[in-house]
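Each in C-alpha cells, the structures are laid out below.
In what comes next, subunit A is part of two complexes: it sits with subunit B in the first one and with subunit C in the second one.
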Partner chain A sequence: MAVFMDLNLSSSSSVRSLIESAAQLGFSTVAINYVFEPSKKKQEIPTPTPITELMDQLPVVQGRSRPIRVLNRLTVVMSDSSHFRPNAAEYRSFDLLAVQPTTEKLFHAACLLYDVDIICILVTEKLPFFFKRAPVSGAVDRGVVFEVSYSAAIRDSTMRRYTIANAVCLMESCKGRNVILSSAAEKALELRGPYDVTNLGLLFGLSDKDSKEAVSSTCRSVLLHAETRKTASGIIYTMKSCSDSCDQQEAPPQSEHCEAPAAKKHKTAPADS
Partner chain B sequence: MSGVIKKDESGVYQRVVLKNAAPYHYVNVCLVLEDESTKLSAVEFKQFITSGLKSLYGEVGAALAFDVLKYNEDKRTALLRVNSRGLVKLWSSLTLLGSYQNQACAFRVLQVSPYLLALTGNSRELQLD
Partner chain C sequence: MVRVKRRYLLCEVNVSKRSDLLQLDDRAVAAAVRAAVALTHGDYGAAHCLVGFSVKYLNAHTGMVFLRFPKRCYKLLWSALPFITSIEARGQKIPCFLNCVHVGGTIRTCQKFLIRYNTQQLHRMLPKCKDEEEKQQVREAILQCSLPGGKKEAFEDELESEEDEEK
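The block that comes next holds the complex of A and B.
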C-alpha cells in the first residue's frame, strides 16, 4: 500500500509545526508550497528554503519509525498565458510544479500543453467556467492531476460551499481519476489525518477507492511524474555534480541546451525506428 | 443482524456469512483546542458536535442519533457510538469543524471500529523497538 502524502503545506512562518503535526498524523511525505503570482507587480519567483535549514532533525512518522520526507513545490497563479514560462531555470529548484489557471482558456492550455504536475482547482470562489470533458480527459491521459484543497472549507462555511460545489463539478468530468486531496493548511490545527481526508473525499463525490487513492497512490504518481519531467523520456537524467575534490571531472553544462529535455524536441519521431 | 446461512449437503459443516451487519460504529475522538486550558463539559461537547452536524447537513443532520458513551474531561477524548449509516455524516462533520467559540480547534479521530472491543487497545501507540 502506498504511503499517505499531503502535497500542499503553506510556506508560512509556522511551517515547522505543520511538518511536525503532519508526521504525527501519519503523513509520510509532505510538500511545502510556494505561491507565485505574476499578476502582482514586482514579484519574483520565490526560492525554496532548503529542508536542512528549516529543521535540524525531521520528525518520525507515526507508526513507521522513519523520518518524514519533505519536498518543495511551486504554484503559479495564472491569469495570462505569459505567466507560465516553460523551461524557466527558476522552476528547476522545486520538486513539484503546479499551476492555478483562472480562465477557461488557460485551463485548457494547462491540461493539454503545459509541462506541469498539478492543476489546482479554485476553492475560494465560484468557478468562472465549466470543466469540459476534452481537456480533463487529455490531462488524465498525460498524467497531470487535479488538486482539491480542503482547509478553506474548514475556515469558512461559504468557502465550504464553493469547495464542495467545485469538487463535485470536477468529479463529474474526470470520474474520480487523477484527483489528489491536499490541505493547503497554514496552521497545524487546519491539518486533518489521512483517514479523515479519505472520508471527506466521499463528500466530494469520490468513490471509496478513488478517495483513498487521492491521498496515497495518486500522490505517488505525481512524484514520479515530477521526476520524469526533469529527464529525457524518463531514461536519462543530467545533474550537476558538486564535488570539489575532483576538478578534472567536468560538470554537465548548465546551458539552455540542457534545460529542454531531448525528448521534447523529437516527440513526433517514433521511438523504435 | 442479517445472516446468510448455507447448509452443506452432508450436514456436518455449516458456513455462516455475516454481511457487515454491525448495527453501530464506535468512534474514538480527541478534541484539540488552541487554548489548552478551556474546559468543556460532556453536554457542551455533544452540543458542539451537534452544531457541527447542523452546519454541514442542516436539521436532518442534526437529528442524526449518536451517543457519547464515555467522555474524559481532562484530555477531551470521547467514545462515540453512531448508527453505521450515519458514520460518514458524523465523521465528515467532525472533520470540517474548525472553530470552537472563536478559537481554532480540530477533532482527531483516533480509532473507528464496528466492534467496541477493538477500541480497548491502539496499535499505533505501541512502542516498537
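The block that comes next holds the complex of A and C.
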C-alpha cells in the first residue's frame, strides 16, 4: 500500500486541527506551508515554528501504527527575478522549498535553473502564459515537480474553473509526470481523503496511475530531492556534532565508506520516478 | 443469472461538531450529492444520477454512508463528491465533507469492510480512554466485532458501544 502525503497545509492558527484531521484521513506525511511574498513591502522570510512546540504529541495515522510526520515548507511568490535568492541562509531551516512564478520568464528560469523542489501552479486566476514543452521537460529531467492544489476549487465555483483549466493546460505539456496534488487547506473541513484526491485527479486530466502517484510516490521523490538539495548532491552531508564524538579518531574513514553507496541511492531516486 | 452492475461507495461524513451528525438523514445526503453532481457535471451528470443512484444506509452515530452508483459512471459521479461542503438537513446547514474509505461491488463486501474499519476505530479510541471502566467497555466492544453467526447483532452492538464512548 502506498503511503499518502499532503505537502501543503497552510500555516494558520488552526494548524493543529489540520494535522489531526490529516492523520485521521490517512496521510502519513504532511508539510506546513509558509508563504513569503517579497513583492509586498516590509515582509521578512518567516521562521518555521518547531513541530515539538506546535504539538506535544503527534496523532497516529489512520490504519498505521506510526505517528504522522510533519515537515516545514517555504513558498516564495516571485514576480521579479531578484526575489529568489539561491543559497540564502533563511531557506535552510525549511525542509522543502517551493516557488510560485507569475511570469513566463520566471517560470522558464524556475524550471531550468533554480534549485527548488516544487513549482506551484497558480489556481486562483487564469494563467497569463502557456506552458511550453522545453522548460517543462527540463524540470521533469531535473526532478522538480509541479504542484496543483485543490482547496481553492472547493471554496468557489470560479476558482474551480481556473484550477481545472490551468491543470489541464499543464498536463498537456508534462503528460502527467512529476505532478503532485496537495490541499493548501486553511481549515480542517477543506481537506479531502487520499482516495477522493486521487479521483479528483481525473478531473485535472491525469490518468488513473498518474493521479495515484501524484499523492504517493511523486511526493516521496520530492522529499528525496529536497534531501539532495541540502547535501552536496547527496554525497556529503554536514551536521553539528557534539564534543564527545570528536574524541573518536576512527569516525571519519568509516563514514567515507558508508557514504559512497548512499550517494548513488540519492542520485537515482528522484530521477527515476 | 446476470446482475445489474453497481458500485457501492462507503463514505464517512466528517463534521467539526460530532453532535451535528445526529441530524442527518438519507434524503439530505442524497440531495447534497445530487446538487454537487449537477454543479460539477451539469445536466449530463444529473441525468446519470437519476437512475441507479441511492443512499443505501446511513449511520447517524458514526457518520457512515453507503452510496450506490451505477458501475458505468461511478468515477464521474465520485469526482463530484469532494465538492460537497455542506449538507442541509432539517433546515440547518451542516458544514461537512465526505471521505470515501472503500469502494465495493456488493453491499456485503462493504459491510465486511465497515466492521473491520469500525474495529480499527475502537482500537484508535483505546489509548484515549480516561478511566479503567471505559477501557473495559471498549475492549469488550472489540471482542464482539465479528461477522459470522449473529452478524446483525454484533454489528449493532458494536456501533452502540462506540456511540457510548463518544459521549
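Definition applied: the second predicted complex is superposed on the first by the 239 of 273 C-alpha atoms of A that agree within 3 Å, B and C clash if a C-alpha of one lies under 4 Å from a C-alpha of the other, contacts with A are read in each partner's own complex, and residues count from 1 in each chain.
We take it that contacts are C-beta pairs under 8 Å (C-beta built on N, C-alpha and C of every residue); 3 or more make two chains touch, one makes a residue touch a chain.
Treat the numbers as computed from the prediction; the structure is a model and nothing was measured.
Chemist: Return fit or clash for subunit B versus subunit C, each positioned on subunit A through the superposition.
Modeler: clash
Chemist: Once the structures are superposed on A, label A:60 by its partner contacts, choosing first (subunit B), second (subunit C), both or neither.
Modeler: The answer is second: A:60 touches subunit C but not subunit B.
Chemist: With the two structures laid over each other on chain A, which partner does A:195 touch: subunit B (first), subunit C (second), both, or neither?
Modeler: Touch status of A:195: both partners.
Chemist: If you lay the two complexes on top of each other, which residues of subunit A touch subunit B in one and subunit C in the other?
Modeler: 25, 62-63, 153-154, 157, 160, 189-193, 195-197, 199-200, 202-203
Chemist: With touch defined as at the start, can you tell me which subunit B residues reach subunit A in the complex?
Modeler: Within the complex, subunit B touches subunit A at residues 32, 34, 55-56, 88, 91-92, 94-98, 104-106, 108-109, 112, 123-124, 128.
Chemist: Using the touch rule from the top, collect the residues of subunit A that touch subunit C in their complex.
Modeler: 21, 24-25, 60, 62-63, 150, 153-154, 157, 160, 188-193, 195-197, 199-200, 202-203
Chemist: Touching residues of subunit A toward subunit B in the complex: what are they?
Modeler: So the residues of subunit A touching subunit B come out as 25-26, 62-63, 65, 153-155, 157, 160, 187, 189-193, 195-197, 199-200, 202-203.
Chemist: Which of the residues in subunit C come into contact with subunit A in the complex?
Modeler: 12, 14, 16, 39-40, 75, 78-79, 81-83, 85, 95-101, 103, 120, 124
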